[in-house]
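Each of the two complexes below includes chain A, the first together with chain B, the second together with chain C.
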Partner chain A sequence: MIANNNSSLKPHAFKKAMIALFENKHDQIPGNSSDIIDKLRQIAFEHFKQLELPSKTMESWRFTNPEPLFRDDYIIDFESKFQKIDVSKIFTCDVYDLDTYCVTLINGWFAYKNSPLSCLKDGTIIGSLYKAMEIYPDIIEKYLGSVAKISEQSLISLNTVFMQDGLFIYVPDNVKVEKPVQVINIVDSDKPVFLQPRNLIIAGKNSKLTLVHCDHSLTHNISFTNTVSEVILHKNAFIDHYKVQNKGRNSALVTSMFFRQEQNSTLNNNVMTLNGGLTRNQVDLSIKGENCTAELNGLYLMDKYQHIDNSVFADHAAPNSRSNQLYKGILDDQASGVFSGKVLVRRGSQNTMAFQNNKNILLTDEAKINTQPFLEIYADDVKCSHGATVGQLDPNAMFYMRSRGICERTARQLLMYAFASEVVKKISIEPLKDNINKLVEKRLKGELSICDQCILNCSSKEPRFVQNILD
Partner chain B sequence: MLSIKNLKVSIEDKLILKGLNLEVKEGEIHAIMGPNGTGKSTLAWVIAGRNDFTVEQGEVTYMGKNLLDIPPEARSKEGIFLGFQYPVEIPGVSMTNFMRTAINEKRKHLDLKPLSGAEFLKLMEEKKKLVKIQSKLTDRSVNEGFSGGEKKKNEIFQMALLEPKLAILDETDSGLDIDALKVVANGVNMLRRKDNATIIITHYQRLLDYIIPDFVHVLFDGMIVKSGGKELAFELEEKGYEWIKNKSE
Partner chain C sequence: MQNNNNKLIDKFTRDEYKYGFYTDIQTDTASKGLSEDTVRFIWAKKKEPDFMLDFRLKAFRHWQKMKEPTWAHIKYNPIDYQDMIYYAAPRKKPQYENLDQVDPELLETFNKLGIPLEEQKQLAGIAVDAVMDSVSITTTYKKKLAEKGIIFSSFSEALQNHPELVREHIASVVPYTDNFFAALNSAVFSDGSFVYIPKGVKCPIELSTYFRINAANTGQFERTLIVAGEDSYVSYLEGCTAPMRSENQLHAAVVEIIAQKNAEVKYSTVQNWWPGDKKGKGGVFNFVTKRGICKGDNAKISWTQVETGSAITWKYPSLILKGNNTTGEFFSVAVTNNMQQADTGTKMIHLGKNSRSTIISKGISAGNSNNSYRGLVKMSKEAANSRNFSQCDSLLLGNRSGAHTFPYIDVQNKSSVAEHEATTSKISEDQLFYCLQRGIDMENAIGLIVNGYAKDVLNKLPMEFAVEAQNLLSVSLEGSVG
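Showing the complex of A and B:
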C-alpha cells in the first residue's frame, strides 16, 4: 500500500470531500471576482456532482488503479505563495539550452520576476491564466471550457471547479512566435499536495507556436497533479507541442490535453515520459475543419514500479484530414503501462487518414503493458489502420552487435536507444531533439533519475509508493 | 589457429553437423563449398558464438582456447569475425556509433585509449579507401536501406576496421554483381596477412576467381567429405555437386 495507509480515501469519500470543500471555501477561490469564471465553475460543479470519480470498474481506468490518488491529507492552496520569486534560485533547467521564453509554475501557481503577464512586440500574450481572467475576460469567456470535456469526465470538471492558475498563451492572427515557449511545472512541497493547474493556449489564424511543457518535482513527497490544457488551433495555425516529464516516484500526474483543430491547421504533439510514479496522459484531439494534420507521438521509458497510462483519442469530425499516432515504450523491472488509442471517424468525414501504432519492449517477465487500439468509423472512403506490438529486443540484432565485440549490456542499450529514436527523431527543433536524445540515452543507461535536476540532493531512498496501483 | 574436431551440432533436435573436422593455420585461406542446407552457415555460427543450437559432441579450439565456452563479444575481441550472409538491419543505430562502440570495446580490451569521434571518422575514411568502398556510411543506420551489395561491402568494411585474426565470410559473394564481387575480393586480399586466416563459405566457384584459396573443402550432409587445393573448386564447378553426392552415397 501507499506510504501512508490511513490517508487514502475511497473515490466516493474523496468526491464528498471535494464537494464540501467547494461549498465551504467557494468564496476564497481566486478568480471569483469574475462572473464568467464563477458561472463556469458552477456548471462544472453541477457536472462533478453527477459524474463518478475514476475507478477500476470504469473501462477507461481498467488497467490503472486511481485509488492511491485520493487522499484526505492533501494541502490545497487557494492563495498563491510564489508570485514574486526568482525561480533560478530554486531550480535551473539543464534540459534545454535552446533559447526560449521560459515561464515557471510552482505548485500550480505562476511564478514571475517582473510581471505575471507579458505582451510581446508582435502582440502575443504569455503569462498567468489567473491574471488573464482579470485582464482579458473576453478571450477567457470565449475559449475557457470550450474544448475540455467538462460534462464527461469527473477529473476535468473537478479541475474546472477549482482551477486557479496556469499558463495562458494567446497568439494573434498571422503571428509566428519565433522562440519556443517553455513552461516548467515544479512541485515543491514538504506535505502531500493536490494541484490542479489549468492551461489555455490559443493560436490565431496563420499563426505558429512551439510550446515545450516540462514537469518536474523537487522533492520526493507525495503529490497529485490534475492538469487540464485546452489548445485551440485556428485556420492554418501550426503548433509544435512537447510535453516532457521527469518526476519523482511519489508523484502522480494526470494530464489531460484537449486540442481543437480548425481548417488547414497542423499539430505536432509529443509526449515524453521519462520518470514518474503514476502518470496518465490523455490526449484528446478534435478535428473540426478540413485538411488538418495531427502527429500524435509518445515515448515512455519506465522502470521499477512506475506506471504509465497513455490514452489518445482522435476525433475526425471533418473530411480530408490526417492523424497519426505513434506511441513507443520500454518497460523494465516491474513497471507497467497502458496504451489506449482510439480513432473516431464521424459520418461525412471522407478521405480521412488515421493511423495508430503502439510498440512496446518488455525487458523483464514482470513488466506489463495493456494495449488497446480501437477504430470507430462511420465514413466509407477512409484509410485507417491500427497496430500494436509487444516484444523483446531483436535477438538477431543482439547477436550481430555482440559478434562485433559489443558486450551484451551495451548492445541492449544501443537497441533500446534505437527503438526510442523513431519517436525522438520526429522532434523538429534540433537543439530540443539533441537534448531529448541525451536524456533518453542517459535514462536508458539508468543514469537519469529525478535527482538529476534536483537541487536538494536529499538522500532519500525511492519508496515504492505506486506498488499497489498495479493491484 | 582454429581446430575443429568431430563436431556434432543440432538445432531443435535435428543433427546438422555430423562430425566435422577442420584445421586452419595462420596465413591460410580456406574455402568451404557445398550445396544449400548442408550446414555451412551453422558452422559459421558455431565459430562466431550463436547460442541457438546444441553442441552434442566434439571440440573447437582457437589459439589454444576452448572457443565454445566464450561469449560472442569475447570471441570478437580475440580476433574472430563473421561476415554475415544476411547482415542485420538495425534502424536507429548509426553505422558510426555502432562501429565506434565496437572498436572502442576492443581497444578497452587491449588496454588502449578509446578513439575520439574525430579520430574514429579518420580511421573510417582510411578503411573505406583501403577496401575501396564509396558508400556513404556516416549518418546512416546499420544496414538500413542498404542494397544487397552495399550490405555485403559493409561487412568487408567492418572487417577492415576490426582487423580480425580469423575471418569467416558466410556467402559474402551471393547476390553480388561483378563490381561488388571485386570489391569484396579486393577487401579480403588487401587484409590478408601472414598472421591471419580466412574461411570463405561459398556456394559458387565465382569468388575464387578473385581470391585464391589454399584449401578447398566440400561440406556435405554435415561433414567435410572432400578436401583439396584450389583445383577442387574448378572440378566442382565442372562436375557439379551431384558428383559429390553420388560419390558419398
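Showing the complex of A and C:
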C-alpha cells in the first residue's frame, strides 16, 4: 500500500482542488490548440463535476481504499516536456530475438529518437498523442473519447480533462504490422507526481497489431498514474495486447483500458502484475459486432503490502461472440487482492459464449483476497459459466516432490510456477513468453526488484541515471 | 415447433393464480401509517412485557434514520410506509381445545390451502402453528411437545409465558440495527413463531407454520425465533400462499436461529405468495432477513428454500459459523415468471476452525422476470481449515428473462478453500429431443427436465414439502420453453 501521511486529502477536497486547477489553468494545458480537444475537455469537465471520486463506500471500490491516492502535494506540470532522447542509450531491450518498435513514455510524455510521430511505409502511424492532435485532427475527433466511459467514472473524466500526451497508434485497413510495438511507461521523479497519460490505438479493417505495454517506476518516490487507453478494433482486426507491470511500492497505478470490438475481430489481452504499490487494472470490453473473440487473461504475484485490484468487464452487445477471462494470482505476506469480473450479455446477444475464471493461492494468514465473478444475462441461448477458487498449494503434490528429495522451498516454487504458467502459456510471442517465464520464476524466488526492469535492462543500478540524461 | 412453443408459453403466462381467494373474516386493525403511537398501539394490543416496548421503540427510532437499500437487482415503485396498516388481527382470538370450535370459514381457508389441521393429518406427523394475518389461531400437538419440554408457540404466547427466554435470544442474531427491513420488523412485528428445544432433545415431529396474508392493505411482519439447545435436533417447515390482491403487499419478516453445541436445525420453506399478474400489477413484496448462528462446536444449520411466488423477493438466509467444526448448508430453487423479480442467495460467514459450508442454488427464469443469486462466502483469519463449495446454476426460459449471479468470496487465511462455480444456459435441446422422440410431450418433457435440474435441492426437502414443491415447479413451468 502506498505511503499514507498528512498529505492525504479527502476525495471531495481533491475534487475541489482539481476543479480549481482546471478553471484557473485551463489555457495552459498543452494540446489545447484545437476546438475538438477543447470541447472534449469541457464535456469531461462537466461530467467530472457531477461524478463522485472513488471512495470505499462505492461498490466498485469497496475493497480498494483509494484515499491514499488523493494528495495535495502532487506536482502537476503543464509544460510540454516531450523529449528528444535516444532511448536505446538508456535502455536495452532484454527480450532477445524480439525485434520491436520500441517507444518510451517518461512521466507520461513521449520520448523520441528522431520524430515524435513516425509514419511507416505501410501507412501505420506510431507516436505521440500530443503531436497527433495537431497533425491528424480528423482521426482524433473520430476516435478520442469514443470508447472511454467519460460520463460514468470520475477518474476517466478527470484523465480526459487533463490529458496531455500518450501513445497514439493508427493501423490502416489491411495492414499487418509485423513487428510488435513495445511501449515503456517510466515514472521517474523525486517529488510526488500525478500523471494522466492517455493512449489511443486504432486497428483498421483486416489489420493486425501486437502491442507490449510495460509499466515501470525507476524510483521509490510517490506517484499516482491514472492512465486511460482506448483501443478500437475494426472489422476483422486482430490485436495482441500485453501489459507488464513492475512498479515501486510507493507507486499507485490506475489503468483503465477500454476496448471496442467490431465484427469478426479478435482481441488477446494479458495483464501481468509482478510488483506494485497499489495497482488497479480496469479492462472494459465492449463487443459491438458479431463473431468476435476476446481472451482476457491476467496474472498477479503480490507480496509485502502490495495491493492489486483487477476489474474486468465484458459487455456482449452482439450475438455469436465469445469471451474468456482467466485471472490467476498468488498472494504472499500481507498482500491483498481483488478480482471483480463481470459478464453482461445484453438482450438479443444469442449464442454468446462467455467464461470467467479466477483462481487464487494465499500463502499466509495475513494475505487477503476478495473475488466477485458476476454474471448478468438477458439472453437465453447462451453458454456462460464462471468459477472462482481460493486455496493453497496441493499438499499431495508437495508430498510427492518432498518424498523424491526435493526441498520444500524448491517444491513450493515449482508448484507456484506451475500455477502461474497456465496464464503465461497463453502468450503467443515466443521470445516474450520465454522472458515472462523467466521473470515469473525470478519473482517467485523473490529475486525480482523494480530496478531489475522486466523487458528492459536498466543499464545502471542507480535509478537517477535517467534523470541525469534528461537534465 | 416454434409456434407450438409460443402457444405453450401463452398458456403458461396466462395461468391464473391458483391460490387466489379471499376469506371474509372481521379483522381488528390499526389505523394507517407508522409512528411511535403505532408501535405503542401494537405493543399494548398484544399485552407484551415492558422490555418489548423499549426494544420496539429503539428499533423504530433507528429505522427512521435508515435509508431503504437500493443495491439489489430489483426495481419497484417507492413504498409509502405511511400508507399501510401495520396491525391486523382476527377479531376474536379463539382459545380452542379442538377443531370443532374453530370458525368454519377459517377451516375452509386452510382446507383450500391444504393445511393438515384435521385429525387425519395427524398421521402426517405435522404440528401446525397456523398464522392467519398476524395472530396465531391454533396450535396442535402442543401438549405432546410440551411433554418433551419443547416450546412451540406463537411469538405472543412465548412473550407471555417465557419472557425471559425471548428476552435472552431476541435480536441476538439479527439486531434491530441490521438493515432497513429488519429494523422495520423489529418495530412493528405482530406475531410469529417461537421454538425452543431443550438440551439433548430430538424433536420427534416436523414443526410447521403456514403463513397467509389476508386482510387488504396489511403488511405482515412476522418474527420467528428458533433456539436449539445442546445436542438437540429440530426440523422446521414454513410455507405460504397469499390471496390475489391488486395492491402490493409488503412483507418484512425476520427469522433467527440459534444452534448450540452439537445441535442441528433444518429449516425448510416453500414460498408461493401471489406474484402479481402478468403485467406486473400487484403481488407481494417480500423483504426477509433470515440468519442463523452455529454458536457451539459441531452445530449444524441447514436452509432449504423453494421460492416461486412474490412480485419481489429480497431474501438472503445467512449463517454465522462461529463454533469449530460447524456446518452450514443452503439449498435453493428460485423460479420467476412474468414480471417477477428475485434477488436471493446466502451469506456464509466462517469464524470457527474447520467450519464447512455448502451452497447449491438453482435459478429458473421465464417470461420477463429477473432472477439473481447474490451470495457472500467469508472466511476470517481465525477460520483455519474452512471449506466452502458453491454451485449456482441458472436456467433461462424465453429470451426476455434475465439470470444473474453476484457471488462475493472473501478469504483471509491460507488454509481455507473456497470454490465457486456457476453456469447459465437454456434447456438442452438434446434432452428435449430425446424426450420428444420417446413420445413424451413437450410439457411433460420440460417438467421432467426442470425437476431433474432442481432435484439436488428438492431432495433436501422433507417428504410432505417435496411433493408440494414438485407440483409447484411443474405448474409454474409448463410449456415455458422456446
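Everything below uses one rule, namely that the second predicted complex is superposed on the first by the 439 of 471 C-alpha atoms of A that agree within 3 Å, B and C clash if a C-alpha of one lies under 4 Å from a C-alpha of the other, contacts with A are read in each partner's own complex, and residues count from 1 in each chain.
Quick note on the criterion: a residue touches a chain if its C-beta (ideal position, glycine included) is under 8 Å from a C-beta of that chain, and two chains touch if they have at least 3 such contacts.
This structure is a prediction, so every number in the text was calculated from the model and none was measured.
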Chain B versus chain C as contact partner of A:E422, first or second or both or neither: first
Contacts of A:T293 with chain B and chain C, given as first, second, both or neither: neither
Chain B versus chain C as contact partner of A:N320, first or second or both or neither: neither
Touching partner for A:L414 - first (chain B), second (chain C), both, neither: first
Partner chain in contact with A:A367 - chain B first, chain C second, else both or neither: second
Which superposed partner A:G387 touches (first chain B, second chain C, both, neither): second
Which of chain B and chain C A:G405 touches, first, second, both or neither: first
Chain touching more of chain A, residue-wise (chain B, chain C): C
Touched partner set for A:S60, first chain B, second chain C, both or neither: neither
Touching residues on chain C, where the partner in the complex is chain A: 71, 73, 379, 381, 384, 394, 396-426, 482
For the chain B and chain A complex, residues of the former touching the latter: 48-50, 52, 71-73, 75-77, 81-82, 84, 87-88, 90-93, 97-99, 101-102, 105-106, 109, 141-142, 158, 162
Contact footprint of chain B on chain A as seen in their complex: 394-397, 399-408, 410-411, 414-415, 417-422
Complex contacts: residues of chain A adjacent to chain C: 59, 347-348, 350, 360, 362-392
